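Going in written order, the chains are labelled A, B and C, and every chain counts its residues from 1.
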Amino acid sequence: MNEPLLTVENLTKHFEVGRFGKKKYVRAVEGVSFKLYKSETLGVVGESGSGKSTLARLILGLIPITAGKVIYNDLDITGVSGKKEKEIRKDLQMVFQDPYASLNPRIKVGDAIAEPIIYNDIEKNRKKVKEKVNSLLELVGLQNKMYDRYPHEFSGGQRQRIGIARALSLNPKVLICDEAVSALDVSVQAQVLNLFNRLKRELDLTYIFIGHDLSVVKYISNRIMVMYLGETMELAKTDAIFTKTKHPYTKALISAIPMIDPDTNQKRIVLEGDIPNPINPPSGCRFSTRCYMAQDKCRKVHPDLLEIEEGHFVRCHYPLNGGEGNE
Amino acid sequence: MYNNRTFRQIFFKNPMGMVGLSGVIIIVILGILAPQIAEYPKGYGGSILSGPSAEFIMGTDNLGLNVFAEIVWGARTSLYVSFIAVFVAMVIGIPVGLLTGYKKGKIGALLDSIIDIFLTLPVLPLMIVISAIVGASIINVAVVIGIFSWPSLARVTRNATLKISEMQYIEAAKCLNLPASRIVFKHILINAAGPVLVNLTLIMATAVLSESGLSFLGLGDPTTWSWGTILKKAWDASAVIDTPNPWWWWFYPSISIVLYVVSFNLLGTGINETLNPKSR
Amino acid sequence: MSRYLGMRILKGFITFLISVTLTFFIIRFMPSNPVDLLLDPKMGPEVQMAMMEKYGLDKSIGEQYYIFITNLFKGDMGTSFKTGQPVLEVLMEKLPWTLLLLFVVVIFTLIIGVPIGTYAARKRGKTADKMINFIVMIGISVFVPFLAFAFLFLFSYIWKILPTGGAYTPPPKKGFDFIIDVIRHAVLPALTLFTANVASTVMYTRNSMVDVLGEDYIRTAYSKGVKENKVIIIHALKNAMIPTITVTGLTIGAMVGGAVMTETIFSWPGVGRLIYDSVSALDYPVLQGAFIVLALSVIVMNIITDVMVAWLDPRIKLGG
């Protein structure tokens, strides 16, 4: 492993709701910490409401942080603003989820990619800008002549490619893909995932890949972080997550992946109950209300995220596969 | 709408919109070419209160002046008023709507309440009071109308902006370091243009209703011909219930007002239906 | 609900203060000499001095405003230049006539406009709906004096069955005869205002009914076998009424403007006519007073409609 490119320490976000003195907080993200290493793809998995998308926006500074730090290239960029913010933003970009909503329907596709180039002073000469846009279009597998078309003339998969080209226009080092393939048909998903891999090699990118479908995230990630109700539950190399699963939640998620072979002896673990309200998360371990292995201690004491084996973190009092746990 | 070409394709098939557009075009032509079409009516004419004829297709008024000429020059006045009023409303209303819709928070909510208050005021009486004091001239009247029109425009703009600001492409624009001015005045505005445009046609239509009303009550500009002024003169001369009845004197100005307003309203409806297929 | 009521009344009160303040400043800051505007030119210099003192015209703007507001809440709005009567008295004479007219018009607008709008909504997209929409389009474009003239022409001039103006034919009769006489005189002005406003009610009812009828819970009711009539009346109407009532509140502001012209044309002795007369006579205290009264009526009507809507909308009713 090399040096971490991005470090996230104790990132927390509480959204305020309610008015006139009856303030309540949605604890969307709570104390998330991890390191992102150069050239890796870190997958982030969780159900909806787990806080993954909020996490992405916190890292990019699109929403203000309640607590915690974000460190990029050894620089604390938490709450940075103004010119500095703009500089850093160029390095950290996002590919959005909804191909039908992430492109302005009234702006030509080529102009949408050219705009950030112009407004970030990367290139001012119109001809050169157009050349750059065309090369980006080719890079993502589209054609030059598509410059003058409007988003509605493209399919979902093509629109995502345009979104990727746009994100790459600033020559970023880190790309956060927020459910970037979730809205696509399965066959198209595969194409776009392969595109991501190719771009990573060609442009030496580092990814944070957010998704709710474990099988997709498995395909593309070097390491996987599992989130539940705003907290990290498990973080390890992809291989370890599947073969040395330590957190009961992760195990349930894995069991839900449909297997083609009917002979596989897989029992689906069904989680009882509903996801708790993030305004009032359960005391103790947040997963305790639905955990099939929950014990008394789980409901009372909040477990810390511990590194049980090298590079393998779990937040559980009784981790599976014989790990140490916080006894 | 996806782009201007698609918009035009759909709009040109919309019957109401096309009728409205034709009406507007005719009115604009009449207004611009007024001097070529008919001589500016002033002084006295030969035959008083004579009915429609080959020479005077809309008859003459009690000073013997050509009613058709009065109508044509009145069209010009109506257009002046509409455009000045709309300009004033736009200059205030659109930026206010855009900014309060984009930067949410207390100011936006406060402004919304202020707009509410403006909308519930009885507008015509207030305009009467102001016109009575400020004095009558086309510019004054038009500016006053514009000042009373900007709140509803600001509200429409604000509502559209609020909705658009939530879209992912706006979030993407912020992520890509685009300056706020660019986001608001390009990305948001071009998407808000639809409902805003509809509201503009509405303002132009009601501007003429207001101006005619004020002129009818005697608060209009006495030095220009306006349809409302013609009606005032007719009313003062008891033209409506007079015997024999010079119906052309009060009928033609009235119908002109109606046609003007209907044209702009149809145009607005056409634009609205083109943009929202659901309302067809 | 009571909380909503409280906030709503507060908002109305603020609106009233703003309207009143607007009139105050408009009159005093306009290019013309404020003294001329408020003092009767026919008065002798000593009387003028006394008036100036009474209304504090020699004092600072802030003090003048204070005097103005306190006088207002005491009911003192000055005296008419024309008749010398206290403005409040003049207003009290005229206001009932205007309220009568508006009240009648609103009732008929709702009784006739809502069913037509509902019908158009049920037949949406079909010919009936399109025709109604077209007529509505023309309806909202109509110029009030034109309507007045047209009705006057037809009913008073050609058919000679209704009087041309006034609220009654003098000398005022007694009892039931009087009422009949007033009704006869009220027909044309009411008809004019009604025609001017019913179109927008039809349009809003139709549009909000179309929205509501398209909602899933309505389709669920259909699929459960509830007959269309019942569905409409019980489920849809209540929800569609909310925007309709709201818009009635808004159109009251417009109606008041239409009332000014209608009353002027039909010599109906209401506040609208008063505005016209006072402008012609340069009777500024009366003009100011009439405006304040109209603004107050509109504000009160709006509060009433808002509260009715709030009562219908369980989200507000139960939310406090």
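Points to keep in mind about this one:
Following the convention adopted for this analysis, contacts are C-beta pairs under 8 Å (C-beta built on N, C-alpha and C of every residue); 3 or more make two chains touch, one makes a residue touch a chain.
These numbers were taken from a predicted model, which means no experiment stands behind them.
Chain B has its Cα centroid nearest to the centroid of all protein Cα atoms in the structure. Relative to subunit C, the most remote chain by averaged C-alpha coordinates is A.
Subunit B and subunit C have Cα centroids separated by 22 Å.
Subunit B has its Cα centroid 51 Å from the Cα centroid of subunit A.
Centroids built from CA atoms put subunit C at 58 Å from subunit A. In subunit B, no residue touches two or more other chains.
Those residues of subunit B that touch subunit C in the shared complex are 16, 113, 116-117, 119-126, 128-130, 132-135, 205, 209, 212-213, 216-219, 231, 235, 240-241, 243, 245, 247, 250-251, 254-255, 257-258, 261-262, 265-266, 269, 279-280. Contact residues of subunit A toward subunit B in the complex are 60, 62, 86, 89-90, 93-94, 96-98, 101-107, 115-116, 119-120, 150-152, 163, 166-167, 169-170. Here subunit B touches subunit A in the complex through residues 1-3, 167-169, 171-179, 182, 186-187, 190-191, going by the rule given at the top. Within the complex formed with subunit B, the residues of subunit C that make contact are 11, 14-15, 18-19, 22-23, 26-27, 30-32, 37, 125, 134, 137-138, 140-146, 149-150, 152-153, 156-157, 164, 207, 249-250, 253-254, 256-258, 260-261, 264-265, 275-276, 279-280, 287-288, 290-291, 294-295, 298-299, 302.
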